[in-house]
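Okay, so chain A shows up in both of these, paired with chain B first and chain C after.
Moving on, here comes the complex of A and B:
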């Protein structure tokens, strides 16, 4: 089901993500910009994104399988906080339509 | 027939240049060492869980300050991704690295490895389920290679990194493999060691069922009594130890301070019984002889044996018998001690601690005692350094023994560094 996030909702998500990252990495939220690289600058890891989605799942009524989100991430690699925000917006807005976009039957092999 | 090394180590030795220890007697090597020399016991009534229904109600808990150190030195995110055993050995490795003064960025990272021994049971313990949502981290928390992986990732060690499981001998097996990798010229530096934290209600109950554990609850500090006539088993403890090992050349080139030199080891798996050696202690004898022969160490050079000394009725007797067979009459003049009398049994961490203690013994020429030795057993009639430390002079070589459930035996020879 498609939905459109309002500017205010996006701002709220952005703040929540910054707070989540600040608490996770024990830094001040003001140190986090859209260009901050989650792995190189914060010492994050590949599980972080899934963890954030888990946090937002109930709040934003996201009903997607881990596998779908994983396939989305293979097609849309995420490095920075800005890319993370865009990915979270897209996952919330597109919901199950994301499955069609990724291509259900397509097999993705990561080398 | 034996698995004698076809290529003995000859004159090549591996230097011990850093030590990090966490156990019931303290959370740093100097504190643990001082407490050992003073003959202190780290065994107490269990407070970390309700042991009221257990037959054995005492154990070797980590001191409270460990948890303060852990909080200070473990990033929040790493804490979620790790089990207690991984965090303990990571902190041991940080102490060992700092102690070695090794500048990691001035060393070829591909020639630095990490080999950690653990029974595995504390990495996949039902008693260490982590905080809320820990399920998300199950894979990275509970992979058996985790204790080694977090050390290599944290320090940029890009050589081989893995865990070894060989029961009570896990730490020794890990150190022996690190020795091999350095001897074979595959790496120059290794962080090696062992860790376990098996002091849980489950393990007490299982240990009691197998009659492995002492039940002398009345006075915890006097419960574990290696080689004493009134011994009745060991006490479970939490702890670990990491050492920095380097090729002797590597250590010399950077003028590293060397605790001792590892000369070689012997392995032997006893197949008589899951728990016990055969009465003739042939497997223990074989293990010690292999260690001496593989390292090219003359028997008369060895004066100190860091005993396995679990306070098991049969194993202490067999270890004594094996030492007499290997060293003959000289066994009566040698000093033999068991630190398990003070710290209990840290399982995969125990022999790594004992390896480090053996290196410290050669460096300082001081031997920690076997405490709780009061009633001589005619079957155990050697000098176990009873109750008080010994100061020695000019001891050149020592052996540390590990003999474990599952039949995994390992003995390691260390010599004094000039």
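Moving on, here comes the complex of A and C:
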């Protein structure tokens, strides 16, 4: 079901993501900007994004399987915090509509 | 007690408690060198001076398994002989006649969870997530994860976790009996140690007997099936170009 996040909701999500990353990498949230690269600057990996979505699933009523999030990431590679925020907004806003958009069932991971 | 020289496994021992810390931070990936280190610990693991073994991870992660990106760069690093060697080590652990405990201090995925499943008991930090995400990259769990997860949580839940690549929370893992206790992140290891000390306060011979009987109660074909899974894993990794 589609929903539209308000500016305030986006701000709250942005703060939560910065706090999540700050706790994960033991740094001050103020050190994290939209341009911070999660892999190169923080030492994170692709699994971290999926862990983060799992953390927010209940709170933001995200009714998607990890597999769908993984496929989304294959189609929309995420490197920076800014890209992460946009991806989280899109995932929350599109919800189950994302499944059709991604085209679940397509084999996109194996050549 | 003579401790072997290892790098990817940090070893400490006190009062019969052997602590093996996966030492490849931040993600504690399991490399070929890790499995060689684990193999080099065999004599120590069998030592009568060791009463209980604890596996944990350095830093905030237990282990995120095998570094598939690293394997893509060096395909020979995970060939069939290496996978077989790794499986022998995990099976060796699962058959030890002394308690082997996984103290899961943080994220525990893929081969990391397969190591934890080879342990007798799993203790978990409240913030940890667990899963076998191999299918998301076109592979299967190749270190006994399929067989042991089915044994621990039942076929239905195990297949759901594996086929969907679920990443479950510590509380969900407790509900599924995948872990035995969940402790707060803040004092996780001290709580785990209290649990372990309580566990080994029973008569040593009785503990050994229970663990021998536990092995007997397993499916007689479990080890053969693990070898078959390892063969499938290496076929999949060599026959397909896995994209990360």
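In the analysis below, the second predicted complex is superposed on the first by the 107 of 111 C-alpha atoms of A that agree within 3 Å, B and C clash if a C-alpha of one lies under 4 Å from a C-alpha of the other, contacts with A are read in each partner's own complex, and residues count from 1 in each chain.
As a working rule, contacts are C-beta pairs under 8 Å (C-beta built on N, C-alpha and C of every residue); 3 or more make two chains touch, one makes a residue touch a chain.
Not measured: the values here are computed from a predicted model.
In the three-chain model built by superposing on chain A, chain B clashes with chain C.
Using the contact criterion defined above for the overlaid structures, shared-chain residue A:67 touches chain C, although it does not reach chain B.
Put simply, more of the residues of chain A are touched by C, taking chain B and chain C as the two choices. Contacts of A:43 after superposition on the shared chain: both chain B and chain C are touched.
By the touch criterion defined above, A:51 reaches both chain B and chain C.
Stretch 205-213 is the one of chain C that runs into chain B, the other listed stretches 133-141, 151-159, 205-213 or 223-231 having no clashing C-alpha atoms.
Residues common to the contacts of chain A with chain B and with chain C across the two structures: 24, 43, 45, 47, 50-51, 54. Listed in rising order, the residues of chain A touching chain C in the complex are 24, 43, 45-47, 50-51, 54, 65-67, 70, 74, 107-111.
Against chain A, the residues of chain C that register as touching in their complex are 26-27, 60, 64, 107, 109, 129, 131, 133, 135-138, 164-167, 169, 240-244. For chain B in complex with chain A, the touching residues are 75-77, 133, 136-137, 140.
Every residue of chain A that touches chain B in the complex is listed here, in rising order: 23-26, 43-45, 47, 50-51, 54.
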